[in-house]
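In what follows, chain A forms one complex with chain B and a second complex with chain C.
Let's look at the complex of A and B:
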């Protein structure tokens, strides 16, 4: 099958350029960094010379497990998203620049297959990395801060994965618009930042903006009930991702025809 | 004062170590990099987590 061939090519490429090794490792590191540093904060303060005299902290705040999980997710939302954008910024734009995409697309390969093969291969990499990262973070939080159920882990992994799916889709979308991978990365990050600002400003109307998903995940974990908001946000985020992929194949078709 | 439980921190150190080794092996095998190889070797070894990541994103050339 044509799609499988393209997909295998993508997997092989991401294996050869070591993404399958370093991306999961970096995501795991990002996920456990905050639980560990938060736990060892008193020790770190002591080791780096202690508090300046006069500063008295009665007791460092105690964190609830869900608060620590929120730290992990915010770390992933900053550096994790950055890593994901940077690994996928050249996947189509680079091939268009170097002419590889022409070599592929001159054959009877459908644009949809070409794009979705790339999309799924990156999603697989991102979901596997996220699974490992959240799993390790969940394990540490359970040891160091208190119980988070296995269900909490699954909810976090699944719904946060939907958000990262959106990030990958957005980057793929910009990949079909620009030939420079720098521009792809710039506009992907810019879009996410603008979306986050708009969501904050119009918070009362935009209940189900993709950027709210982290907030709803944490709500769900602290209340123990999957909220309607979380599910709707998940559905909307998935729909947006699919729309972006459909648009990408349209744009790529038009560009390649014109070029 | 809190005791440091090295069993807890071991995964962190092991992962960092693997990252550095994978990046160095890749660097040695690479025929060409963006910028001088010895500089990348420094960045990988001294750059903590960021070093290997920078190398993989910027330093590596497409084959």
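Let's look at the complex of A and C:
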């Protein structure tokens, strides 16, 4: 099956260029950074020579497990998203620029197969990395800050995975528009920033914007009930991701493979 | 029977016309050379035929295909500077290419092994990463990936332009072998290469086909036989005599040699030899040469 051939090639490529090693490690590192530094902050301050003279902190704030989880997700939303954009920014644009896509797409390859094989391979990498990252974060939160149920872990992993799916889809979409990987990264990050700004400004209208997903995950964990808003935001985000992939296939089909 | 029919093909980039209303066709098991100087529109024509560029106007018909059919399964293509997944080995890339062309895993593996032999990639290099291959090896691997699915038409863009003499000889030898089984359309600006392996020629100049036909047909049409005379004395004294002979069209002296073109070689040759015998010309060399493809090309362009 042609799709499997393309998919296996993507997996092999990501294995040989070590993405399967360093991406999970980076995501794990980002995920545990806040739980660990927050918990060990007094020790860190002490070990680094204490506070400057005159500064007195009576008591460091105590954090609820859901608050620490929010810190982890915030970290992933900034640096994690950046890492995902960087690993996928050249997946199509790079092949078009180097000319490899000429050799591939001159064969009877379906454009949809070409795009979705890349998309799924990056989703697999991102979801596996996220699973490990959230799992380790959940473990430390449970040990250091208090109980977070397994259900909370699954909810966080699943719905945050949907947000990262959107990030991958957006990057793939820009890959079909530009030949320069730099431009792909720039427009992907710009789009996420603009979406975030618009969501903040029009928060009262844009209830189900993908950028709200983190907020709804934390609400769900705090209340213990999966909110309708989270489900609808998840559905909208998935639909947007699928639309971006469909559009990518159409755009690539219309593009001339040779410059 | 016709394999490919190109009708009124035009390709524009903005207002710039790169290929201008060209039409041609060719049949099976031929080796056709698309000849033209750099910038003539060769690459654009080949990329359009391979489906990598969309024609601005005109049609390309493959056998009796309709425009909606995906003709890529019948075509093998190698660009001038092929780019590979250099992290793959030569064998892996061929199997990957075969599977993309819808061969089964077993078929692709078997065909890859065959082709690695055909294109003469040494056993120890077959499982090495492509990043370690030389230019000639990459070019031969490129040809192998282009024919892995046994296409009816193999399109090669300047297949030997970037190779050293050894690599060039290997690839031309390979084309000579392949043309027994497959139709080859290749572009070149090196006319000796075209002369060596092609059966038919398409001469492209400024985006237009200015001449086409078999090498022999073109030779007959544009035949310019050149006689070259060298003597021990001052050659200019003989130029005036030869120029006044019947059927002599033109004479010129280059580096001590008198070149004579004529519309009747036989008569001029006899006249010169007769004069030389009577007048005891101190001839050191007298030869008759066919015009090269390069001369013909220049003549067609000038016309």
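Quick note on the criterion: the second predicted complex is superposed on the first by the 256 of 259 C-alpha atoms of A that agree within 3 Å, B and C clash if a C-alpha of one lies under 4 Å from a C-alpha of the other, contacts with A are read in each partner's own complex, and residues count from 1 in each chain.
Just so we're on the same page, a contact is a pair of C-beta atoms (placed from the backbone, for glycine too) under 8 Å apart; a residue touches a chain by one contact, two chains touch by 3 or more.
Small disclaimer: the values here were computed from a predicted structure and weren't measured.
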item: First (chain B), second (chain C), both or neither touched by A:2; value: second
item: Touching partner for A:256 - first (chain B), second (chain C), both, neither; value: second
item: First (chain B), second (chain C), both or neither touched by A:103; value: second
item: First, second, both or neither for A:128, with chain B first and chain C second; value: neither
item: Contacts of A:206 with chain B and chain C, given as first, second, both or neither; value: neither
item: Which superposed partner A:17 touches (first chain B, second chain C, both, neither); value: both
item: Partner chain(s) touched by A:240 [first = chain B, second = chain C, both, neither]; value: neither
item: Partner chain(s) touched by A:42 [first = chain B, second = chain C, both, neither]; value: first
item: Overlap of the chain B and chain C footprints on chain A, listed as residue numbers; value: 16-17, 98
item: Chain B to chain A touching residues, read off their complex; value: 1-2, 4, 8-9, 11-12, 15-16, 18-19, 22-23, 26, 49, 52-53, 56-57, 60, 62-63
item: Touching residues (chain side chain C, partner chain A) in the complex; value: 47, 50-54, 70, 72-73, 75, 77, 79, 81-85, 87, 96-97, 99-102, 142, 145, 149
item: Chain C-facing residues of chain A, complex; value: 2, 5-6, 9, 13, 16-17, 98-100, 102-109, 256-258
item: Residue ranges of chain A touching chain B (in the complex, touch as defined); value: 16-19, 21-22, 25-26, 28-29, 32-33, 36, 40, 42-43, 46, 83, 86-87, 94, 98, 136, 140, 143-144
